[in-house]
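In the two complexes that follow, chain A is the common piece, with chain B as its partner first and chain C second.
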Partner chain A sequence: MAPAWKAAGLTYNKYLEVAARVVRRSLKDDIRLAAERRGQTELRFAKWTSGKQGDLTNVADANAVAMAEAGTPKTS
Partner chain B sequence: MLSRAARPALRAGAAASARPAVPNAATFATLREIEDRLKSIRNIEKITKTMKIVASTKLTRAQRAMTSSREYGKTSNTVFENAETKPLENDDKKTLIVVASSDKGLCGGIHSGLSKYVRRLLLEKPNVDIVVLGEKCKAQLSRSNSKNIVLSFSGIGKAIPTFADAQAIADQVSRLPTDYASVQIIYNKFVNATSYEVTPIEAYSQEAIANSPNFSAFEIDDSVLSNLQEYSLSNSLYWALAEGHACEISARRNAMDNASKNAGDMITKYQILFNRTRQAVITGELVEIITGAAASEE
Partner chain C sequence: MNSLRIARTVLRARPAAIKAPLLQRRGYAEAVSDKIKLSLVLPHQSIYKSQDVVQVNIPAESGDMGVLANHVPSIEQLKPGLVEIIEETAGSKQYFLSGGFAIVQPNSELSINAVEGFPLEDFSIDAVRSQISEAQKIAGGSGSEQDIAEAKIELEVLEGLQAVLK
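Moving on to the complex of A and B:
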């Protein structure tokens, strides 16, 4: 049986990221700030087609959009 | 005859009368030029020295992150070692190369080392797609192999890479439409503080993992296999990013150390030149005054 997060279109990495975020948020304040910094990404990426660079997009946003798309056909 | 013989002397006399004005102006100008040069070199030295100090302080943290990430990557690879996983020997499927560089330069030849390695790989087998992490290698590879690039990431190398970075990259990489026979992550291996080695890490595809000889010993369900593959990909990426980052910082420290040394050499050289020129100007002026005084006495 596929787990629920997989049915919702999340990848294993995203599942881990969400779990890690929950753990970080439940830490005490003094260590939480340092820990939360480890969970941030400012990556941007661009798709290349036939030697040309496409638009730069934020990786985290793009991942969220793609996972929402992957999740919709199964839930509806 | 006489007139012709006298002519050079005349010319010399004319030159001598012109000398006080023209060459003096020239020596004063060069003095000022040397002074300006000296000033700008001193400023550059200050900058490179500061960058070196910044890099040195960052280095210890980067190295700590590197050693822990190496543990990560190695542990995740023991599974494949025990399962005796081998990359698929399949020519019709593409290979994916992930180049782990960063956004920042001024750190010697570590980025171009990566680019050269990738170019050599591409000469051997051109049927390869490239994912570039970091602006520097993107600029270099887009000039020669822009057709092979499928994804490029930027924003790497501002701070120590986090596992969240690696995960986000791994997600995008596994979302690529093509099915790759194997994924190679190319990064700079930290040998010691002055030498780095461009090394590939193999991240296996699902098929390769499933086909490995000892795989049945682990009793992994097929449905979980993709999780393992994604997770091991992000583990390897994290390893490559952290080690590459440590190499970059250490290379920057060395590069800035060399630059400061060179600037120091240039400063001493120009200081000597400056002093000599100033002395020459003073001597010239003294000679002029003395000869002038001697001439007016007579």
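Moving on to the complex of A and C:
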């Protein structure tokens, strides 16, 4: 049986990210501060079309949009 | 008659057998180590680097399992949970991993890859409790499908943590 997060459009990568984030937040304060820095992403990308650079997009934001589209469509 | 003849040849053959080098009598089982080489690796740190241990208990997606030397080669997806490492002299050590993979290689080697892993004494039970109530609110709320799914993943991890920290 596929896990529930998969039905919501989340990828395995995202599942691991969420699990790792919650483990970091559960640490004692002194270790937590050093560990939480590892969870930050600042990676951005831009699509180039016909020699022109497109908008710079944060990878995390783009992933969130993609996963929302991959989830089960709203019945409304 | 025949048996007598065999007995005589055996008697004659014995001195030669004694002279044979002792090394040849060594069996296969004695030569093989009963330890498993464990590598427990995070993206930022190696907790174990091909170190000999006796047994490793892992929370695989297909069920909890213990891995000893000469285990069948396999690849197991790990749930977020407790890994127990039984060393020969230092006793057993416990790490909470956030999920990853365990790969049993044919030559008694075990590689565990995870995103985060810490010994139990590094966790704060108060932080776990406050996060559980927060995640429960989101999981039962009216957020997006993805937010609810994330909160449910968090709850699963936190409840596992709470159970082992008690």
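Everything that follows uses one rule, which is that the second predicted complex is superposed on the first by the 68 of 76 C-alpha atoms of A that agree within 3 Å, B and C clash if a C-alpha of one lies under 4 Å from a C-alpha of the other, contacts with A are read in each partner's own complex, and residues count from 1 in each chain.
The definition used in the following text is that contacts are C-beta pairs under 8 Å (C-beta built on N, C-alpha and C of every residue); 3 or more make two chains touch, one makes a residue touch a chain.
On a predicted model such as this, the values are computed, not experimentally measured, just so you know.
Applying the stated contact rule after C-alpha superposition, one finds that A:Ala64 touches chain C and leaves chain B untouched.
Applying the stated contact rule after C-alpha superposition, one finds that A:Leu16 touches each of chain B and chain C.
Once chain A of one complex is fitted onto chain A of the other, the partner contacts of A:Trp48 are limited to chain B, with no touch recorded for chain C. Comparing the two interfaces of chain A, the one with chain B and the one with chain C have residues 14, 16-17, 20, 38 in common.
Residues of chain A touching chain C in their complex: 4-5, 7-10, 14-20, 22-29, 31-32, 35, 38, 64, 67-68, 71-72. On the chain C side of its complex with chain A, the touching residues are 43-44, 80, 96, 98-100, 115-116, 118, 122-124, 127-128, 131, 135, 144-146, 148-150, 152-154, 157-158, 161. Those residues of chain B whose C-beta lies close enough to touch chain A in the complex are 142, 146-147, 149-156, 158, 162-165, 167-172, 174-175, 223, 226-227, 230-231, 234. Looking at the complex, you find that chain A touches chain B at residues 1-2, 11-14, 16-17, 20, 38-48, 50-53, 56, 59-60, 62-63, 66.
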